[in-house]
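Pasting the structures here.
Next come two complexes, and both contain chain A; in the first it sits with chain B, in the second with chain C.
For the complex of A and B:
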């Protein structure tokens, strides 16, 4: 049995977020070194602000400005920061209740060591040199022995050139393991062999194999060797370029039932003008270069298969 | 013990658009939820539980909407549940909410579904670069187009059917102020001459990419008695699933869809859906799915769905109007699209569908599917309560 394959799988995308009125004011404020919260109907000041009252569900639009100084309400020491965390050296994660606010904001505190941090200590914002309307406009917090800041003061939340959206890049790193059945299949492809598996219960042949029959729920241990020739069961002509695919349009994307297989696989058809591809056309795989998968399928020149012979595979 | 009859007393949706940059996702769901509450003349305090649904997480990168949206939906201190069944999620979310009322777990439940497609890219979400696998070679519509070709081959449908559906749905959308696409000046010729993207599917026969949300308030008999407007009553609801790929799968008419519809009709006492149902909102992301689902849902014999479309039966003034709202072809916030079908069915039997009202609609079917024809959910609603 071949060794199981593994490979890194990185999933990343720059999601965008429309901010809505409250987050727009909050983040634009940070750019201008102004910290805004919202005042609820019962008079509490929430920082960071929210659009809707977590208790009453009321819409909140009553913006207030709070101080850039505050008090640590609790903390945890981070001895080994990871890439892209706020500071490159050990720091404390802190919840800071800014003067004038009733709730605490999560951020980083720059401190020489854990013994320099305590609940109740006074801190102030250290602003980032370059600010763009993001939570990172607060570089971090730092110890502060000055006087307490002002009380919450009304603010209209208006700034020139407000930030209305942000980009929230997401990146997830996985180690992908295709598993035994698919690894065996991929190993076969490397030798330009197409391997399938037969279900011991319903006797259907699956290619690519999955190790188990999705209908019967039993292991498909019996090897099968479908193809390599097959029949085009159906197809479409692709006239627009798919993102990230280097194939000239138009081309044919087809479902192909390999001889002896009980369901179709999907592949491109080549070696024939796109407008001459037909349902029932007989095809065979073509490997090129070092590709593991067939690059495309081409006509064998055999007469077309009778519709009835592949009708149940549509 | 019998099930508690379930009434739809509040329906709300956002104005749908390619990009709703004016609101956050929280603001978007809030807009739909407030309209539903207003319709029901209820406040947040009247809601006992919230059930929320959205498209797969990669579609917009919000992994825990139930956490992020609790405040916007007034869910503090209440049970908040999330449902997840790909493109059918709006339908199954409503059915989970309905079950909470039917089982007398809660008396009044808010259900919400949403999607902000503009903040992501659904096609990216569907085509992650899985190692060792060949990339999907065909783009969004390429997955569906071969099934459409199979349908045409199987039934002998003329190529005009697909354009007729698109022309009808886009005209219906002109009567729906919430719809995303309002193609004033649409003509059959414009549809017919639109570019062929994935032959046999044309550009005008495909759904748009929308931002939007939908919400409904479901309640019991007591709640219905207090409602200011006539409710829609649930007469049958079901979900079915099947693998995306298996030997013997019928992509043209999936068995899970047939079984799901049969279950709904059995619950509702429907024996002849074509005659007994007055309006249908079905999930038609590509126009050819109208005739395909007409057969799958039992409105036409196998091979005859296209004949209903060609004969004008599914037009707004036909004998069996399909997608009077303009359907998914005119509005497609994927996570909400299923609930929009359910909500539009309910609007029809409440007589509150405005300009796209089907006259005297007494029974209507809402249908949703998703995940490569993997999940199906449907409900049948009527203007009068079920006999208990």
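For the complex of A and C:
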């Protein structure tokens, strides 16, 4: 058995989201060190504000300004912060009900230790030095022993140059595991062998193998050695250069049915001008250097295969 | 409301190892589980009228990751198939509705999760409110600890929580059940676990808008599933963190006469599969004659955000 292959896989995506009128006012307000909430029809003040009443589903737009001081309603000590969390040292996650609000906001509380934190403690916002219209414009909360702040006061939500969208970058790191069948296949390729797997039920040979026969729904555990020669079943001419790929265009990318295989694989065709490639052309793999897979397939010079011989693999 | 058709869970299988599934693709890990469940029901791969699965691309780190597992179900020639980007309990709900509405008589439902591919502490933050919460990257255990503190402060649990516990052990795995209607169910299973009702409800998405010591959505789902019409003898609860069980017990009005989680602790089960396992274990207990009326619960999201309740019964 080959080793279980794994590979690092990093997924990064910067989601850009539009803000509605309420979220835009709230996040722009944070940039200006103003905290806005929204008042429901029954008079409750929701901070952070939402656009629809969670109970009645009414659209709510009645903005109010609340204080930058508040009370911890619950907390959890975080002894080992993860890299993108608000503070690089141990801190408390807190839900804080700001003075003038009826609901609580999640954020971090900077505190010397869990002993310094309790439900009901008074806190105030510590603003980030650089603010851009995001929840992280609040750097964190800190202990506050001053008086309670003001009651909610009406606010028109208008600021110069309002923030209307939010870009949320995310980066997640994974370890990809191709699995038993594909590990075996990739391991074979590195030794310049093409290994397929045969379905024990319908006897089709799959290359590359995926571990199961999609027709029979059973594991394809019997080894098979199709090819290495095969037939071009169909192809396309690639005219657009892919980013980071060192291949001159135009070139041909083809479906190739290896001899003895019941599924076509795909690969680049080389060693022949792109406009001479044709369906039925006989090809063989070309390995270069210490590559772990064929660099491309080239013509063998054999006569073209009869259409009927590969028709069912189109 | 009485369901228009009798629909039962007739088969259930799951992976039972703990920890990462070393060296297996999701389809490879799933295959023996599917075969086990299908064999119990006497179905061949591809034979169920409807197939529905639950999993998450974010856990796998690949777009459309569920399509790779379709090889394992015999999906060619094409089958009637659907997927939820959620725990498999919600796939079961979709399949149940499909059968209730007469669009299918049998269904294969499965779920798979490979959280060991990434770090769930980071991955699960991406399910949170993207405007106000996700930019802070709070991991699930921290959010659960806020809830545990609120419960202790309110006197619902004894000891106040200590520092945020480490992440639960990461287990990869899969589960599958077969659903069938009426006589088909009776043919496939000596004692089918009839789904008498099922419903799912969700809390407001902002944590600060919720009373974290209560779960109105669980209570409402239970009411709509008919859970309070008669006592249950068994409850399989999906509480990813220990203190949450207290919330569920109160919302579901479970007293000491009810056997809770006889199959073990849900926190040890694979992400995206746990809820389906709760449903499957409750059904299996009815199959074995160890329960006559069981409640199964599944949850999704931070601090019991979204809750599904089903009531299962065996024939006398």
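Methods note: the second predicted complex is superposed on the first by the 307 of 314 C-alpha atoms of A that agree within 3 Å, B and C clash if a C-alpha of one lies under 4 Å from a C-alpha of the other, contacts with A are read in each partner's own complex, and residues count from 1 in each chain.
In this section, a contact is a pair of C-beta atoms (placed from the backbone, for glycine too) under 8 Å apart; a residue touches a chain by one contact, two chains touch by 3 or more.
Every value quoted in this text rests on a predicted model; they were computed, and no experiment measured them.
Asks: So, does A:40 touch the first partner chain B, the second partner chain C, both, or neither?
Replies: A:40 contacts neither chain B nor chain C.
Asks: Tell me the contact category for A:85 with respect to chain B and chain C: first, second, both or neither.
Replies: second
Asks: Per the contact definition in the header, classify A:108: touching chain B only (first), chain C only (second), both, or neither.
Replies: Second partner only, chain C.
Asks: Touching A:69, do we find chain B (first), chain C (second), both, or neither?
Replies: neither
Asks: Between chain B and chain C, whom does A:176 touch in the aligned arrangement: first, second, both, or neither?
Replies: A:176: touches chain B and chain C.
Asks: Touching A:28, do we find chain B (first), chain C (second), both, or neither?
Replies: Touch partners of A:28: none, neither chain B nor chain C.
Asks: Is A:9 touching the first partner chain B, the second partner chain C, both, or neither of them?
Replies: So A:9 meets both chain B and chain C here.
Asks: Could you tell me if A:217 is touching chain B, chain C, both of them or neither one (first, second, both, neither)?
Replies: second
Asks: After superposition on the shared chain, which partner residues are touched by A:231: those of chain B (first), chain C (second), both, or neither?
Replies: In the superposition, A:231 contacts neither chain B nor chain C.
Asks: Which positions of chain A sit in both the chain B and the chain C interface?
Replies: Chain A residues touching both partners: 9, 11, 15, 17, 19, 23, 50, 54, 168, 170, 176, 178, 182, 214-215.
Asks: Contact residues on chain B for chain A in the complex?
Replies: Answer in residue numbers: 19-27, 30, 44, 58, 60-61, 70-74, 76, 116, 118-121, 123-125, 128-132, 134-139, 141-142, 145-150, 153-154, 195-201, 243, 245-252.
Asks: Given the complex with chain C, which residues does chain A contribute to the contact?
Replies: 4, 9, 11, 15, 17, 19, 23, 27, 46-48, 50, 54, 73-79, 82, 84-86, 93-95, 97, 103-108, 114, 119, 134-136, 166, 168, 170, 172-183, 210-219
Asks: Under the definition above, what is the set of chain C residues touching chain A in their complex?
Replies: 22-28, 31, 34-35, 44-46, 58, 60-62, 68, 70-77, 114, 116-119, 121-123, 126, 130-139, 142-143, 145-150, 153, 161, 163-164, 204, 206-209, 212
Asks: So in the complex, which bits of chain A are touching chain B?
Replies: Contact set of chain A toward chain B: 5, 7-11, 13, 15-21, 23, 50-57, 59, 164-165, 168, 170, 176, 178, 182, 186, 199, 202, 204-206, 214-215, 233-240, 242-245, 247, 250, 253-255, 262-263, 266-268, 279, 292-293, 307, 311-312, 314.
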